[in-house]
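These notes open a run of structures that come right after.
What follows is chain A paired twice: with chain B in the first complex and chain C in the second.
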Partner chain A sequence: MKWGGVILIDIKNVSKRIDDRYILKNVNLHVNKGSIFGIIGENGAGKTTLIKCLTGIYRANEGSILIDGEEAFDNAKIKQKIGYVSDENQFYSSFKVKELLKFYKKAYNDFSEERFNELNIKFKIPLNLRVRELSKGMKMRASILLNLSIKPDILILDEPTSGLDPVIKKEIMSIIVDEVASRDVTVFISSHHLDHIERICDNVAIIKNGEIKLMNSMEEAKNSMKKLQVVFKDTADINKNLSSLDGVIKVETIGRVNYIVTKNYTKDFGKKLYDMGAVFIETIDMSLEDMFIYFVEEEDKNE
Partner chain B sequence: MKEGEPLINIDSRSSKPIYEQIIEKIKENIIKGILKPGDKLPSVRELASIITINPNTISKAYNELERMKAIEVIRGKGTFVVENFQPVMDEAKMREIKEHMKKIIIEAHYIGVDKDNLINIMNEIYSEF
Partner chain C sequence: MNKIINEALFYKEWIYVKWITLLTIAILLSSKGYGVIWALNFKEKIQGGVEDYYWFNHGIYTENVNIFIMVFVVIILAITLFIGEKTSETQGFMASMPFTRKEILLNKWLVGVISLLISFAVTYIFLSLFYFLNIKGLDTTLNPYSDIIKWFFMNTFQYICVFTFMMLIQAVMGNSIVSSIVGGIILMVPLFIIMVAEELTGRYYGYTQYQFIILNKLKSWLNIYSYNFPQQSHIRVAVNEGYSDTATFAYYSNYKSKLLVLFVLTCLFLFLAYVAYSKRNIEYNLRLIVFKNLEPLFICGVAICSGLLAATIMDSYRLRDFGIWFIIFTIIGYFISKLLLKFLSSTK
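On to the complex of A and B.
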């Protein structure tokens, strides 16, 4: 078991400016070896920029990014061990798949054609087709396969399932999970498919306008953010009183029922509600997607 | 348990942490006799792939089930359902069950199901095991 294990990716006070605009603002994150880390955020929040800093494509303006204790930028040794699946395909479009294989073999010392072929039994990518002849799903699969074949220690995936059909999505998730289970790979993944993130990630972070707004284990996040359905004996002023409770980010009142969303739920919270005259309290299930939406709404309100 | 028959359905929407859901489903399968004493469970890696869940979450669930003495790990062979499972009473769980029953009884009362009827239903469910 790898709870609280070794830190493999350590991002400290990282800021990135492109032209005059700060895309990342003082980002702090760390990822343990053998874990799966999910980063979620709206379009344009800075996910891809963060990933490009992490893979050593961009150099951060401030702060440091250490991978296995070493700075990632301009570090060929570290890059050999990073598999990077970008959100848009960047292969030469006139290359045949088998030529891509050759290219990868030249670029990565540990590239294994054997492993590629083994994985390709399931993925069935035709080696004689050119990149431009491949469908979107095929290109994504090819990219994932190539990057798994370099036997990476770290796998960085930027929206690997966007625009793909459910069958391929599930297949990709399965293969990622299998890599972690069999080779103890560390995964850093960004995605808008929050149901997948919820199932496979140990930890999640929400990024908004270049800032990390929340970082937690999936389990902790589920335990601390709750939606409650509450009925009070006396309804006068209750909405206002509820909104002022610590951690409450949203109160909606429909008839006699109050829906409360809190981001730091504890047992005391229920007690407090009873003290305020609650006669009925029920917890409503909340998915990561629900949490994300409430969280973003709350942040927008505070801006 | 084989691929294609997912006896562990995970509801990612549920507020219940996934590892707890796995524990519950496996216990349920044991009680219902779908998993029999001595049956081999899929390895962490296999189960992770089948239900696409984080392998760390699955090993956490397996460890907890092992602690409850519901399953045992035999080194080099795999994970198995124990031969004679001895349930252990858990005070906190008991309180939870009582809470659930209270809700059910109130609901039953409101649709006109009386005590005897409810006891019949319980007997019916017990006979399914």
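On to the complex of A and C.
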């Protein structure tokens, strides 16, 4: 699926194999310039592998990954534009923060020490400490701080809020949104904190077993996946009939109330329910977390 | 040159390598500095003796245990340059940054080479100063200044070549410590095979002078570690009026040819290291052998070397017994190599 705007990240038919096992299978994704794209999935679904292919750490076995029209792998010019925050500390433990700062300054043409100092007022990273002396949260903050200071065009974040306290977590999310608003930065983010993804992302994709199972704008995803509370006049065989409706993921009955989760909600769906004898229908918006849980359950059932 | 040297990469590598450089300087100065100072003292003690004439030559060329320590230094240098990329947490760091693989490898090599060059240059300067400060008591015809130059070139070329080979092995193998140890051993393998062949052919077909000369030549050319081992030559020198005695002086045999071989090998190893490093997939970084298709080569190498080593140690006089030991330990070596591949490889 494509949305309007300039495509900055274009992933076409990408497959990644490690040993004889496919970690990514025929992945197709497009991310527009200036948008925030969230990728969610269970542990081991392939999120980090996809991000590593995107940042040029891994070489894709099949397909192409184009960033601003160029292959990312082994491309120093493209990597100048990418800020990458890994899910675990990737800095050399014996480096001092000030040595990392110097290294980044030399490596990235657009590194701004001014921006670094400005952000470090909030992040409070002591420059004289060695990486091994920093706490997990501080290491993550240092990584985010350095990668924001390179003034990236694309910010790739793999679980950026893991190990952070709620205050700094909120602060980071607001900085990311500010970056997009002020500099038109494109953000590709993976997180298990689905409330963050829901709050900041324009588009979202669900990955499962290395395959993209769903890709949509956040708005469309929320509009199409709904939970309905329905009361029927006649309840005989209704559960079976509801389950056979197109797009219905789950049906639960508590007393006279039927809870229906559908992934293809339209006005017609409501009409169908009335035709089946519904006397009361209430549509409930679902959180991304609920959507994800129902979606994964449905996929597991189909496998 | 600016395109080759990446300031950021150079800075990053130098943070660690500067300490290895200091260590190398200390080892070289303690070895060569002590060598010439000892030779000067020794010369003064036996004033008028034959050793008097070549004392500086002996001071420079007499090799000691430090020659082996230098191999360890080169091994440590290679480990230091690669260890960060072969640790599960940090391995993706460099690959995500704006450097090409070519830049990363070339800068590692350059930093290593510069570290060695600095260490030898400091020692060269020390030796030159020592030479000129003691020139009054020195026969410059028998102890020419070119001895220092030759020592400098032979050693820098040799250790740069060994270092480049370690880089190649680091590019092909995973675990950085094991890679360097294996690399150090591989360079000895050709010499070891020739020695076994010499022993076996000599034992069963007899020793001929012709055979001895050829095998010795082969040994000296195949063992890169021995390129900087000086040869000794004896010469009759007049001691007092009417008296003469035999003096020895040291020199590098086939000096220019060896430099050429070392240069060619360095270029070859660097090219192969570049090819391997470019083709290397980071997801297999923590395996013992990064390239699956090279695993059989490793298994065969370990198996055959184990067989040869064990059969030689058992040292049976009969060829049949040698063969039996060889087969038994080749099979054992095969399983050992399989175990090594399993236990020294990590998936995380």
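Throughout what follows, the second predicted complex is superposed on the first by the 299 of 303 C-alpha atoms of A that agree within 3 Å, B and C clash if a C-alpha of one lies under 4 Å from a C-alpha of the other, contacts with A are read in each partner's own complex, and residues count from 1 in each chain.
Heads up, the rule we're going with is that contacts are C-beta pairs under 8 Å (C-beta built on N, C-alpha and C of every residue); 3 or more make two chains touch, one makes a residue touch a chain.
Quick caveat, the model's predicted, so the values are computed rather than measured.
Three-chain overlay on chain A, with chain B and chain C fitting side by side and no clash. In the superposed model, A:200 lies in contact with chain B only, and not with chain C. With both structures placed on the common chain, the touch criterion links A:275 to neither chain B nor chain C. Rounded to the nearest 10, the angle made at the CA centre of chain A by the CA centres of chain B and chain C in the overlaid structures is 150 degrees. Look at A:234: by the touch rule set out above, it reaches neither chain B nor chain C. In the overlay built on the shared chain, the residue A:286 is in contact with chain B alone; chain C does not reach it. Applying the stated contact rule after C-alpha superposition, one finds that A:114 touches neither chain B nor chain C. Of the two partner chains placed by the overlay, neither chain B nor chain C lies in contact with A:20. Remark: least CA distance from chain B to chain C after fitting both complexes onto chain A is 26 Å.
Interface residues of chain A, counted against chain C in their complex, comprise 18, 52, 55-59, 74-77, 79-80, 82, 84, 86, 88-95, 99, 102-103, 106-108. Across the complex, chain B meets chain A through its residues 10, 12-19, 44-45, 48-49, 52-57, 59-60, 63.
In the complex of the two chains, the chain A residues touching chain B come out as 1-3, 34-36, 170, 173-174, 177-178, 180-182, 195-196, 198-202, 218-219, 222-223, 226, 283-288. Remark: chain C residues 7-9, 11-12, 15-16, 84, 89-93, 95-101, 103, 278, 281-283 touch chain A in the complex.
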